[in-house]
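All chains are identified by letter, namely A, B and C, in their written order; residue positions are counted from 1 within each chain.
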C-alpha cells in the first residue's frame, strides 16, 4: 500500500488540499514502482515501456526473475512494471498508459479484445486458486462435496469470508464460483456480518482473513509467499474451476507497442516458459505457475 | 472598610538558576501604609512581590499575615490580597468583565458585583466604561482598569508591580498623582514595586531599597532618601555618598557641623563633639550664580562651590558641586542649566535649609 | 481531459443521488476521525496545558517528543499499531485489528502529539503574568487553568483543526489497521485508493471532492481563527 498522505503539521494544512489536487492529476498518469524498474548501467538509449500487471503476480516474486531475464535477452528495452488489480490494469490499457498487459481475468480480457484495445492475446501460464481458512474449519468446507457445495457452505455465514471486491482477476474468479453455486452472498440475510469486502490486494486480504479467522480465495503463489505469517491453511484445492489462466496483450496504438510486442514474443518463448516452470521450486518446493503458451 | 493588615517576611530566599534572586532577612509592611520597593531592574523586586502575594513559593523563609504564618497553599490568605502588574494583563472581554473577575471567583451576587464594579471604575476615573472592550484601551486606561480590578475586591493588601512603568511620562505623572491620592485615601496596606524614585517619593510612606536580591535600606521615605545607607544606595538615589563631619556645637536643636573647614547647619539632636555623617536630597539644593549677592533667607546653609559633574537624569540634570571635602548633588531643570550657563568648573553658590540635611551619628 | 469530465459527471451523480455507499463511507470517516480527535482533545489539551505552563524535569524532552510526534509518519504508526494488535501481537487477544477501534487508536496516536504540541504553544503564549494576575485576584489552580485555556481558545481551536486535518486525510495507517472493510472500516481515503486501483474514477472523484471540501472547511476555519486572533491580540 502506497501512502499518499501528507505529513501532518499545522502550517502544512494548505499543502494537504494541494496534495489532493496533485493526487487527482496523478490518477491515470503513470505510476512508478521503483523497486521493479531495475535500472542496469546501460550504454546507449533504451526504450522504456510499461507492463501493467496484477498485484498477485508482483507479490509472488515472479517479476524479480522474469524482468531481468527479459532485459538481458532484449538489451534495447527496459520494463517498468505497474502492479494493480486486473481491472485497473485494463483501464490503463484503455487509456494507453500501459504498453502491454499481463493479466488473469479471461472474461474481461475477451471484452478488452472485442473493444479493439489490444493487438492480440496469448495464453502465458496458469496457476491455481485455493480456498484458505482456519484449520478448525468452522464452516465445514472440508467435508463438503463438490466446489458448489463448498460455496454453499461458506454462504451460511458461520465464519467471515473476505472478498477482495476490487475487480481483480481473483475477485472475478470468486464471483464466478458463487455464480456457479447459484448463491448471491450479498443477498444473504446476514451478509454484512460475514461477507466482508476488503477492497485491497491479496497479501492484505490474507492478513485480514487471518485476523478475522475467516475464509478467502487466494492464488496459490501469494498464499505460499505469505503463509509464514498466517494461521491459515489450504482447505480446498485442485478443482478445475480453480485454475487461473494468465494472458498477455500488447496494447494497440500504445506509445511503445514495439516493446510490448517484444515482451509478448519473449514471454511465450521456450526460454521464458522454462523460467516460469521452474519458478518457486527452490523456495517452496513446488512451482507456482504452470507455463502453457501455445 | 476592613482593618488594614500587617505583613512581615523573614529569612526569605528564592534561588533561580543557582543564584539567589531574593535573599531578604526581614521586610515589614505596616498597616495602612504604602511601602515602595525600590531597586534597579533585575534586583528581585517582582519576585519578592510574588512571594509576599503568596503567588510564588519561596525556597526558605516565613511570611506572616497579621502575625499568622501563611503560605502559597493558603488561598484564604491570598483572597485578602489583590495585585496589578507592570504590563496590564487584562483578560479578553469587556472592562466590566475584567473588573468583575475577582468578584465572580468570590461568588459575589450579580447586583452587588455591578454596583461595586461601577464604583471601582468611578474611583479610578473611568465611570461607565463597563462595556468597552478591554483590548482597545490605551496604556493609561488599562492601568486604571487593572487598579480598579484590584481595588474592587476591597483587599486588605494591595500589590502593585511597576504599575506605571510602561506609560509615557505625562500619563505617568498624572497617574502617579492619582494613584498616590487613591492609596492615601483607601488606607490599604500596599506594596508598591518601582524602579523610579520619584514615583516612590510620590506614593510611598515607607521605602525599601533592593540590590541583587537583598534589602539594603528600609525605613520611612525621609530617612532612606535623606541619607543614603552606603555608596551604592547613594548612587542609585542620585546622591553623593554621605559626608562626614564633627559637631562643633548644638543650639536650639540646630547642630553646627564642621566638615574639613566648611561649616554646615542641620536640624538634628546630636551631641557636641561627636562624629556624624549626613546627606542632602538633590531636590532641596538651590543653585545661584557665583557673582550675585544672595539675599538673606531662611536657608541656613550656603556653599561657594564649583561644578564637578553634570549628568542628565531623566528629564532633569544632576549637578554635582564641590567645596573642599563637601560634595553634594543638586537637581535642576534643563532650562535652569541653560540660564545658569553651567559647565564643569563653573563657580556657583548653593543654598539649602538646615531641615534638608539628614544626619546620623557614626 | 475527457477522463475527468466523464468521471466527474459520474461522481457528481453518485453524490446528488445519495448513493448510500458513498455517503456511508463519509460517515465512517467522520465517526472514526471524530472519535480520535475527541480523545486527542481530552488527553492532548491537558497535556498541552501542563507542557505549556509548568516547569518540571523532563519537560523539554516531552516537548521534543511532542514536536517529533507532529512529524510522525502515519505509516510507521500504522505498522506499530498493526503489530501490537495483530493476533500474534501482545494485544492480539482483544481482536481489535481491522476494526474501527483500531483505526481510532492509530489516528489518536497521530493526532495526539499535534494537539498536545499546538495547545502547548497556544497555552504558553498566554503570559505567565496573566496567570499570576488571576491567581492574585483569588483564582484557584483550576480556575487559573480554566482562565488560561479560555485565553488560549483561538490556539486550541487551531489544535483541534490541525489534529482533525491530519487524520481525516491520512491513508497509510488506516489501511494498515482498518483493512478497508466495506461498511465497517472503509473511509474516504482508503476508498479513493481502492476505486482508483479498480479504475473506477467516478466514486473516487466524488469522495475526493467531499474530502477536499472538509479539508477546505477546516482550513477556512483555521484562517478565520488566526485572523481574528491577530485582530484581538495585536
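We adopt the following convention: contacts are C-beta pairs under 8 Å (C-beta built on N, C-alpha and C of every residue); 3 or more make two chains touch, one makes a residue touch a chain.
Quick caveat: nothing in here was measured; it's all calculated off a predicted structure.
Novice: Please list the single chain whose C-alpha centre lies closest to the global protein C-alpha centre.
Specialist: Of all chains shown, the one whose C-alpha centroid lies nearest the global centroid is C.
Novice: Which chains share more C-beta contacts than any other pair?
Specialist: Result of the pairwise contact count: A-C comes out on top.
Novice: What chain lies farthest away from chain C once each centre is taken as the mean of the Cα atoms?
Specialist: Checked the centroid distances; the maximum from chain C is B.
Novice: Roughly how far is chain A from chain B, going centre to centre by Cα mean, in whole Å?
Specialist: Result: the chain centres lie 86 Å from each other.
Novice: Can you compute the centre-to-centre distance for chain B and chain C, using the mean CA position of each chain? Integer Å is fine.
Specialist: So the centroids are 54 Å from each other.
Novice: Report, in whole Å, the distance between the mean C-alpha point of chain A and the mean C-alpha point of chain C.
Specialist: A distance of 34 Å separates the two centres.
Novice: Could you list the positions in chain C whose residues touch two or more of the other chains?
Specialist: Chain C, residues with two or more chain partners: not present.
Novice: Spell out the part of chain A that touches chain C in their complex, as residue ranges.
Specialist: Listed in rising order, the residues of chain A that touch chain C are 1-10, 13-14, 16-17, 19-21, 23-24, 27-28, 84-85, 87-88, 90-92, 95, 165-167, 192, 196-200, 204, 207-208, 210-213, 229, 231.
Novice: Could you list, by residue number, the parts of chain B that touch chain C in their complex?
Specialist: Going through chain B, the ones touching chain C are 50, 53, 55-56, 75, 78-79, 81-87, 89, 91-92, 101-102, 105-106, 135, 149-150, 153, 159.
Novice: Within the complex, which stretch of chain C touches chain A?
Specialist: Contacts found on chain C: 3, 70-71, 73-75, 86-88, 95, 97-98, 110-111, 114, 118, 158, 161-162, 165-167, 169-172, 175-176, 179-184, 186, 189-194, 196-201, 204-205, 208, 211-212, 215-216, 218-219, 222.
Novice: So in the complex, the part of chain C that touches chain B is made up of which residues?
Specialist: Touching chain B from chain C are residues 127, 129-130, 132-140, 143, 147, 150-151, 232-233.
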